[in-house]
Amino acid sequence: MAKRVVTFGEILLRLAPEGYRRFLQADSFGAVYGGGEANTALSLAQFGTDAAFVTKLPEHDIGQAAVNFLRSYGVDTSMIVRGGDRMGIYFLERGAAQRPSRVIYDRAGSAFALARREEFDWDRIFAGADWFHITGITPAVSDGMAEISLEAVKAAKRLGLTVSCDINYRAKLWDKAKAGRVLSGIMQYVDICIAGRGQAGDLFGIESHPASEDDYRAYEPVARELTERFGCRAAAVTLRTTVSSSDNLWAAMIYDGEKFCYSREYNIHIVDRVGGGDSFAAGLIYAQLTGMDTQQTVDFAAAAACLKLSVEGDANICSVQEVKELAESGSAQVQR
Amino acid sequence: MAKRVVTFGEILLRLAPEGYRRFLQADSFGAVYGGGEANTALSLAQFGTDAAFVTKLPEHDIGQAAVNFLRSYGVDTSMIVRGGDRMGIYFLERGAAQRPSRVIYDRAGSAFALARREEFDWDRIFAGADWFHITGITPAVSDGMAEISLEAVKAAKRLGLTVSCDINYRAKLWDKAKAGRVLSGIMQYVDICIAGRGQAGDLFGIESHPASEDDYRAYEPVARELTERFGCRAAAVTLRTTVSSSDNLWAAMIYDGEKFCYSREYNIHIVDRVGGGDSFAAGLIYAQLTGMDTQQTVDFAAAAACLKLSVEGDANICSVQEVKELAESGSAQVQR
Amino acid sequence: MAKRVVTFGEILLRLAPEGYRRFLQADSFGAVYGGGEANTALSLAQFGTDAAFVTKLPEHDIGQAAVNFLRSYGVDTSMIVRGGDRMGIYFLERGAAQRPSRVIYDRAGSAFALARREEFDWDRIFAGADWFHITGITPAVSDGMAEISLEAVKAAKRLGLTVSCDINYRAKLWDKAKAGRVLSGIMQYVDICIAGRGQAGDLFGIESHPASEDDYRAYEPVARELTERFGCRAAAVTLRTTVSSSDNLWAAMIYDGEKFCYSREYNIHIVDRVGGGDSFAAGLIYAQLTGMDTQQTVDFAAAAACLKLSVEGDANICSVQEVKELAESGSAQVQR
Amino acid sequence: MAKRVVTFGEILLRLAPEGYRRFLQADSFGAVYGGGEANTALSLAQFGTDAAFVTKLPEHDIGQAAVNFLRSYGVDTSMIVRGGDRMGIYFLERGAAQRPSRVIYDRAGSAFALARREEFDWDRIFAGADWFHITGITPAVSDGMAEISLEAVKAAKRLGLTVSCDINYRAKLWDKAKAGRVLSGIMQYVDICIAGRGQAGDLFGIESHPASEDDYRAYEPVARELTERFGCRAAAVTLRTTVSSSDNLWAAMIYDGEKFCYSREYNIHIVDRVGGGDSFAAGLIYAQLTGMDTQQTVDFAAAAACLKLSVEGDANICSVQEVKELAESGSAQVQR
Amino acid sequence: MAKRVVTFGEILLRLAPEGYRRFLQADSFGAVYGGGEANTALSLAQFGTDAAFVTKLPEHDIGQAAVNFLRSYGVDTSMIVRGGDRMGIYFLERGAAQRPSRVIYDRAGSAFALARREEFDWDRIFAGADWFHITGITPAVSDGMAEISLEAVKAAKRLGLTVSCDINYRAKLWDKAKAGRVLSGIMQYVDICIAGRGQAGDLFGIESHPASEDDYRAYEPVARELTERFGCRAAAVTLRTTVSSSDNLWAAMIYDGEKFCYSREYNIHIVDRVGGGDSFAAGLIYAQLTGMDTQQTVDFAAAAACLKLSVEGDANICSVQEVKELAESGSAQVQR
Amino acid sequence: MAKRVVTFGEILLRLAPEGYRRFLQADSFGAVYGGGEANTALSLAQFGTDAAFVTKLPEHDIGQAAVNFLRSYGVDTSMIVRGGDRMGIYFLERGAAQRPSRVIYDRAGSAFALARREEFDWDRIFAGADWFHITGITPAVSDGMAEISLEAVKAAKRLGLTVSCDINYRAKLWDKAKAGRVLSGIMQYVDICIAGRGQAGDLFGIESHPASEDDYRAYEPVARELTERFGCRAAAVTLRTTVSSSDNLWAAMIYDGEKFCYSREYNIHIVDRVGGGDSFAAGLIYAQLTGMDTQQTVDFAAAAACLKLSVEGDANICSVQEVKELAESGSAQVQR
């Protein structure tokens, strides 16, 4: 029987100029819908997992379009609360070569940011679920959401779900001090945490001292400290290197309390750089739910992240078989 | 020497699905920038008038894109205040046949709505200007804007500009009682007012009793009463009939205190139904600034409105010559 | 509690050149998915009805894209059988003015046409359902489908569902003699039948003798004979007139065994002429399931058909409220 | 055996903003290739006629693209001279409603305009041909082309081809006096001439005095005088009325020396207004080559012109069967 | 005098989502027409060779569009048989980075696969021809096509044409045993054969034992054995390496019975990975027909293949001069 | 107070097929406006500099579109002369991998090439200006422009402006002998000159003897000789290497009469290869006007050129901050 995963967060309307046009050159915007936890749910649904995404969206047709987008890909949207005035938007300008991608957020005052605690009945939401996933973006959205996020992880823990959290610190949303304080609270209930390199230092004061950009081993003490301080079962560190906007390196490490397992390093010619980490989380959750060991988990999750960067949009539209083929072989041969 | 017109209001990012796609079918949005007073300024700039548009826009690149859009068409943007967090957005679904066009506004909390009085130095803004134009949308945006709008018309009047106001009541922004109260204050300073049919009744209790949809003469007492009650030099009534989303009738009447002048009635196969009234205002202002009499003015302004409905976007990208050719002949012959 | 409707048929990949390009001018094809019963299910889902669509589709990603398309709009796709090699395709060239639309079918050998009886467990499919809808296209697809269609209506009848059938004779799929024979069998189990004008004469020898194209009353004896011969509770006749490819007239009549109720006649400027009848069927089913009387039903169903012709694609992406507004007023005013 | 038609003229790169965008709104241009005689050849090739188009085009890839465009549709391009520096361009802004279509020509100095007499070996070009068609645009292009055009019709006549000429006066290319003088020379060799209403008066002083725009009979004396003055076997007058840029009326009359035959009048919702006359010419030539009588010829040719206005681009991509179906019935029913 | 080449095979409608969209993200498909032998004919026509492509296509407009596509590029389509019901289709999803390209074939039951022997009169087809080219895809399409292919090469040989065959084994169409048996029969009549690395081992049991992916010399015994076993004058081996979907290496070797000639190795950033081998074949044929020696041939053919991968679509739209410039210098400098 | 820069030259309509389509595959062209000096002015306006572009453009709407394009980006267009018949056009085919970009010019007979000396009143044009920039393309356009260019630099010098010239030799416009003669005259008035490697040798006989493509020091004697021969204050040499159409190396060196300063070398994955040199010039001018030293200048200018290659179109739509971030760090990290 398919395992059930619930994720909780905001989904935004993403508006991106066509191709490599800059904002100042745009006379149309391609529209998809994305957000950290939504992307993870969507990727899990492609893996065949029963994945529900919980959020709040306005009742108007742009809100409905977000729902339709999610259910098109098989995400369970039946727990989404409807109401409020607006949905968050983000404008994305795709970078290339030495020109970085740029994001303009327009998410203040969204239905989600202003949602109230009583709108989310966690006992009902978690009924039948095995896993709960959240990121550090959700509590950053508003003070109310910081509270609701804490309630959510507490409820999930109480109801016996595995809880994962991708720290995902966003400096445009809150400062480090506040983020560290709020996330420390949430982390008490987290079984598996995911952090980009440097984030643990920024938020929890867990410093790393890499000799160079490819000194991945410098993050081993960080992963160990995360598990020890917060009592997590495992900690994953994603290891990306921005060679340029067109080319990235991607690897990951997971510490399971005993050993440090590393994925292969992928050298990736980028199609769409958004959502690699969210796809990593989906890969990690799928791997753990289907009984993969730590090495298999990091291999599968890193391959999922790598594939995402070749897919347009925020989320990873790839099957388990595709991820496994890459994790196992790395080939990109056309089948015919 | 070219006359100078100043208009003041909000400019929104308009996002419209391609062609006749519904919101639920959109995976991209065509982007233009528009708003009542901005559209009027843009049309005036096409007529060769020195037209300045005053607003407040964020400093980010979407705000800059709005500035670039305006100055592309020759609008003077040097008086635009920059700052604040977001610009207002409206989503437009183009109707067809019996299916109406639909608009979803996302303009709350915009840089313009939250702008402060001291950001607009009307003496500096009106230096060298001959005419000031505003619509009833601007004071509807926020209480602050209601105050600022009143200050603006007062200053314009004091500095000897001609003041025009298109009543343009929007039920989604405020209720009739409040609109009537605020606009009555503004109308004290208005030289020429423009109203759609029914609007004067809604807001100022000036009722009309048309026998049928084409009983245009029913609005003559309305126009007279507007001029008398508010001391306007002239009042224009726009007379549109929505046959369907694909076909509209458009005509107009102006009362100049002495006589009622009617334009021809245009039967228009619609390309883009937004902005007809704003183009009418531009036509009226241009006509008055260049010395046309009342009949010429209503002919020119109605022809301008008619042409707008054949142009994509919110504003009328047509020259004086094009408008005159239509006003005089009505032909649509290709030149070669 | 929402009523549940099941529809059964083939869904095709529709490939249409952009805009008014002819096939010979196409270098890309817009892709949507459609088919008579799928369109009806999709429209019902927009009305908030619990609508399931049953078909067979290949497991490959084009088949999956059809599933995703349906579930995006809220159709229950959980009963869809997966397997077989190909899905049917139709190429659509949009007509304009005096140039007719053209269709090239490429549906032979589809997974659906070759599906086997044992793949559809009607008792399971109809569990909890209130209504079953089918069209005359489905039994036309293959001899196997003629048998399966008969089984389906028998099972539906046995299980107490209301059964509706849109006769929808397609000369490109079978000849009149065979169609008349097969559909006569199916009609024994039908509660409400829908026919275009002339179709009953073509298939069942029920002639009409209209004096002119707008002699709608000539079809009253046809409707009565359909109800009497096949024991239907009601018979609907759709009354379209092709003024040109750009303009159609649309009206309908329903006979409920007692009286003949006529809708208004709509003069429609066409956006997409496919699927008017399927939307009529959805309107009729919704109206009947929600307790509308015969006059209300024909008004609602005809308004639904009318709106469809203003919507891109095969199916009617319109809400109950939109249909009601048209049925009641006919206005196409933008709301703002 | 298929009859062979040769046409001679310039083919231009046509650059048109997408949809109804104005030139000032364009950031891309759709590209097709067209010109009076090229359009006629292309339409004839769709009718199955062996049609050769003669012109001069540069050797570069834009010139080659024009050749590829023509041969895609089956036009014989083997007689096209290659060389020179540039090809003519025209920018086309599609009108709508009361806004006329606009054309900006950029054709001066084209390879064709500067072509030399010795580059066209008419004996070789006309080998095996039955019909030669030219328009009044070709001699207007340059003084050289006026001479070459005259040589061409003389050679065609000498070699026993039927010669047709569409007068097609273009005020942007030359004045009436010069046009009248040059075309009078050419007309000496023409068997069948085609004129828009008013053109004969403009150029040859053959006045008509229509009582109103639909007084088609006013052109009967014109047609008779054309045949008598220039010894033509027949004269056709095309009768278009621009209701608006979106709707045109189209009819035609042919005088064959004995009787005046009129086509039906078509009320056409326009897709692309360019090339109606060129398609009329193709229809006329096809009809005459396949033995239709005068009434059949005007019916076929007018139906061809009508269909063209529903087709994107300059030329009529329609088959003989499609034209006949319209000429005979006027229906626009989708076949399925 | 231009040499004449005939190629024979199927041409498919290729439908590819825009850019890097996955099938599940497609709402339109770019359409081109391609197939192994068609691509080779098209490339040869760009080289100025008289190239005829022989196939069978339905009479409908999608079939006609394929004909128009080919003749646009100058391919002689006069030998194409018209009839049958459908044309084969393939859906292409463009890969990127570590995500492979994917193909969904929908070609069963095509007019070509069901064509009958008597529809191809090889004596007439080969009249005036110098070279015949076929690939291993054609006999794989159906048993009938296996027979017809054998007839074709026999007739070509009998009539004195040079015969080339690109083995091009496709595992989705047939198994190795059958392919080996059928192709062995055809190979008896082949003068020059082309094989990808590994293919000879798969089909004919001619094993290679490369030490690594760039051990090109490991294929020398294969090439020699091919010439010896089947009596070919020469054997070419194409040497591609899929670094990723975005970057490929391409080189080739030809053995002419005496020596092994290698091309340069190209490191190619991919635009469209389809058709490299078909362009190699066109380059080889052109080189041989114009008297290049073995080294020049492999240089020209490999440069042609390399350029193809930078061109959208299935076929190589490049001139002889462009290929020569690359073969000689490798530069990619813009000319101005 | 912002410094004012004037540039003078031709601006062309650039027409480029979408994506990587070849000319022969184009059915639409993306349109932007560009030219050496216009690109430099546009980039300077993005830097906040008061930048005026002087040229001559026709009065028609394509000419107006060029004006609107420039003023959209804040360029002062008030000095542009309007008149003449046509504007120059260039067709651009984007190269990829080993396939070079190609350009077809259609600029002969443009309004600019035929402009007359008296149309440019240099005293008025240079009023209030600090810097004048021109390239070697402008005097190449016509003999008249050679004269006018010389007048312009003389006037600029006389009026105390700093004069910069990018030699930019274009072999398609004139031969080396003439170019050398004309440019030598102009160079007498130039303060800072910019040359690509090899150009000084081509035109002025100042030879370099690089040992290899990355022997940048070989151009030091060239830079010194340029300053000495023509009395320039500084000479810049741009150092690009075309690895392929997809990847370029870019670096630059400036000699200021004392020392040779080198920028970093950028390895750039190309989005649009046009305009790198023009952006370099803008960077150099901005840097000099804001008081950067020679090392800072070459760093800023080279970073500007590098960023341009990641931007669609001819000109560098990047801010000072973006250029500085790259010049200082080289990172391409998304900000959020």
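Some points to look at:
Labels for the chains are A, B, C, D, E and F, by order of writing; each one numbers its residues from 1.
Here, a residue touches a chain if its C-beta (ideal position, glycine included) is under 8 Å from a C-beta of that chain, and two chains touch if they have at least 3 such contacts.
Given the structure is predicted, the values throughout are model-derived calculations rather than measurements.
Overlaying chain B onto chain E using CA atoms gives a rotation of 180 degrees, to the nearest 5.
A separation of 42 Å divides the Cα centre of chain A from that of chain C.
Work out the mean CA point of chain A and of chain D, and you get 62 Å between them. Looking at chain B, residues 19, 22, 24, 27, 68, 73, 102 sit in touch with two or more other chains. Interchain contacts (touch definition given at top) occur between A-B, A-C, A-E, A-F, B-C, B-D, B-F, C-D, C-E, D-E, D-F, E-F. Taken together, the chain C residues at the contact with chain A in this complex read 68-69, 71-74. Contact residues on chain E toward chain A in their complex (touch as defined above): 19-22, 24-25, 95-103, 105, 170-172, 242, 244-247, 273.
By the touch criterion given at the top, residues 73, 266, 268-271, 303, 306-307, 309-313, 317-318, 322, 326, 330-336 of chain F touch chain A in their complex. Of all residues in chain F, those touching chain D in their complex are 15, 18, 22-24, 26-32, 60-62, 64-65, 68, 85-86, 89, 91, 93, 102, 104, 106, 108-109.
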